[in-house]
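In what follows, subunit A forms one complex with subunit B and a second complex with subunit C.
== the complex of A and B ==
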């Protein structure tokens, strides 16, 4: 049989979870990571990263809006997906994720964005005309109270929402890791470390994505990049990347030492079918190279231009590495036989419902949504509270 | 109460959420079928609806009331445990009205469904590479499908 090597059970030959299921944890990871970066500014009072705070929130929202699409395309019948809210299935981890998603979207992100942008929304509802005026009017919920006392209340409530948001972001992405980690029939997935590894890799990808977006949008707007801000983000990226890499290595060492009955088969797979995506892309290109680059930026006194380039390259490679990690988890977990005697091949379709073109479209779509969001709610540091009217 | 005035927008937001939740609960009460959860995580009335579907399979006991000779042949062969409609397909209409032609399965297609060589099948299960084994000759030329072993009373 083409693509099959050794012994495969008949139901293992073709993969059930396609590239869209790779994309799903990648996108939710970006959401969780972007929110954690935003929380650095709000909860942990890291003033240096403040210029990215609002952009991080909008990035999280843009990606969160796209996060269910890969699942809906994969499962089919998206018109039925709301039914998991109507008749919740409490014993299904996957079904309950719908509530985790809803909680994170409605109780955390939307509320926090609304509270943070409220003063701007009120100002825009008074300074714009036409449909935009009506849009902003609707978003004010009929209250134009932006008195210092009202804003102080917003600040306190917003802080509380972010405080709840941090464990919620952990829950959102930890849950994705949990879904894989709890599949005890699959030795490639079944690991209690999986949710933790997913959370830290999510933080790496989200922080890298917001850093790149901040640099790109600032450049597009022909404004100077706040180097103190990107230096601080790069520092956090470096530290979290080290933790993430250490956890993955811990998982690897544990597997090597434990060497259970699946080890030889999985080891062979990593050295053959997953060699490029795991060893080359994930570890060498996507982890060690950006780690070395970020390390150099930390210890050497480099010129601003060089640092910017290093951050751009390291951030992009980190995203490639995290995507490769998701790929290796999702696709890798389906390439070997439960008999541990054979391997199959994943052949990605091109223009089908779960093909490459759809995956590319879903990766780009959040950027378009973000472009719309930043037009509605400009997150730029210089626009922040710039047009607040006098206290009412 | 100044706190209520300055936090008025938060009460509006809370009201919006409460209204949304209420609307959801109202819609839910209309949309979710009454019998949902009656027996388990599904619509209880579905059982009666499925039971009311027309029957497609007659069952081997029905077949054997008329085709007792075939049942006799089958009972001594390797296919004794294979039900009639596993090969002949659903025959309830034929059982109700014998004048409806049940059709004859094409053995060249049918037999290899179970007997094509596959590493996933148990070693002692009869399996062949059909092209090499028969060279395009239909299986029933040599094997009587109701008792397929050659030389065991089942050969044609």
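== the complex of A and C ==
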């Protein structure tokens, strides 16, 4: 049989989870990571990263809006997906997706963004004209009180929402890891470390994405990049990356040392079909290279221009590495037979519902949504509360 | 007769429910079948299987199984003294048309028919996000294809590779132990077609079922017992190399 080596159970020959299911944890990871970066400024009072706070929130929202799309497109019957809300199966990890998603979207992210931007929305509803005025009027939800006392309440409630949001972000992505980690039939996935690895890799990708977006948008707006801000973000990225990499290596070493019945099969797969995506892309290009670059930026006194370039390269490579990690989990977990006697091949289609073009479109779509969001709610540091009295 | 707006608002949902029931059709009637009186399983007697593929063909004809997918299939194992843990296994087109002639060399050859293990603690029903796949009170794991989302999570969760997503219906599909037959007192298509009696449908709740005598006098095993799925397809003389 073409693409098959050794023996596969006959129903295993073609893969059931495609590149879209690779995108799903990648995108939710960016959401969770971006939110956690925002929480650094809000909850942990890391003042240096404040310039990225609002951009991080909008980035999280833009990606969260796209997160269910790969799942919807993957379903055999997307028109039935509402059944997950009406009759969720309580023993299913996947059944909880809708609830975790809605909770995160409606109870955390939208509320926090609204509270944080409320003063700006009120000011814009008074200063704009035409349809924009009506848009902002609607977004005020009838609350145009921007007195110092009202803003202080916003601040307190917003802080509380962020406080709830941090464990929620962990829940959102840890749960995605649990979807894979709880499948005992698949030794490539089955691991209690999976949710933890997913959370830390989410932080890496989200922080890297917001750092890159901040640098790119600041450059596009011809404003100076706040180096204290990006240096601090890069420092957090470096430390979290080390934790993430250590956890993944711990999992790997554990597997190699234990060498259970699945080991020979998985080891062969990593050395053959997953060699490029796992060893080259994920570990060498996407993890060790950015780690070395970020390490150099930490320990050496480098010029600002060099640091900027290092951060741009390291951030981009980190995103490549995390995408490769998602690929290796989702696709890698289906390339070997559960008989441990054979391997199959993933053939990605080009223009089908689960093909490459749709995957590219879904990856780019959040950036377009973000472009619209920043037009409606400018997150730039200099615009923050610019048109209203000083908040208390 | 005049209907007020209030009455109409009450009637509309009721009519929608009634229409849904009409669309769903009339369930097949099995007047003499009581689900709780049965606990279905299957016995596979490996030494009796000759790898003819009758069972696979019968299953495909009976259940309209699409080409390239299998509710049941047959594997041929070749185990020699030096590769006890790494057998050579083939299942060309699920063994539907039989197998090529084996070479006369070292080791042993034997056939292993596979099908859904109708697990009592099945991982596939555990993960289904809407409960579209479920264990019936008679122990058969079924899929409500009018309810299944086609997410394929159950396919990933099955340790035995017994499930697939139907390429036309876009829903999960698997062996139902010919539910439409066994609820009418018939045996499954594969058991009926087996020329050697290597496959036998068994009802563990029936005290007169020959399975009880067989289990008392033979060494039987289930596939992948370490998975603790409560599999109910029992294999007689199962070799340790079988996966």
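We adopt the following convention: the second predicted complex is superposed on the first by the 384 of 392 C-alpha atoms of A that agree within 3 Å, B and C clash if a C-alpha of one lies under 4 Å from a C-alpha of the other, contacts with A are read in each partner's own complex, and residues count from 1 in each chain.
Heads up, the rule we're going with is that a residue touches a chain if its C-beta (ideal position, glycine included) is under 8 Å from a C-beta of that chain, and two chains touch if they have at least 3 such contacts.
The structure displayed is predicted, hence computed values, not measured ones.
The superposed arrangement places subunit B and subunit C in clashing positions on subunit A. In the superposition on chain A, A:54 makes contact with neither subunit B nor subunit C. Shared-chain residue A:7: touches subunit B and subunit C both.
Within the superposed three-chain model, A:118 lies in touch with subunit B and out of touch with subunit C [touch as defined at top].
Contact with both subunit B and subunit C is seen for A:87 once the two complexes are overlaid on the shared chain.
Judged by the touch definition given at the top, the superposed model places A:77 against subunit C, while subunit B stays out of reach.
In the superposed model, more residues of subunit A are touched by C than by the other of subunit B and subunit C. Legend: residue contacts after superposition of the two complexes on their common chain; A:340 is shown touching subunit C, with no touch to subunit B.
Legend: residue contacts after superposition of the two complexes on their common chain; A:42 is shown touching neither subunit B nor subunit C. Contact with subunit B, but none with subunit C, is seen for A:141 once the two complexes are overlaid on the shared chain. Overlaying the two complexes on chain A leaves one subunit B stretch of 111-119, 129-137 or 147-155 clashing with subunit C, which is 111-119. Common to the subunit B and subunit C contact sets on subunit A are residues 7-10, 87, 89. Looking at the complex, you find that subunit A touches subunit C at residues 7-13, 16-17, 71, 74-78, 80-81, 83-84, 87-89, 91-95, 97, 179, 182-186, 333-334, 337-341. Against subunit A, the residues of subunit C that register as touching in their complex are 68-70, 73, 75, 86-91, 93-94, 114, 123, 126-131, 147-153, 155-165, 169-171, 227, 243. For subunit B in complex with subunit A, the residues that touch the partner chain are 2-3, 5-10, 12-13, 16-17, 24, 28, 31-32, 36-37, 41, 118-120. If you check the complex, the residues on subunit A that touch subunit B are 7-10, 85-87, 89, 106, 111, 114, 118, 140-143, 145, 147, 149-150, 153-154, 157.
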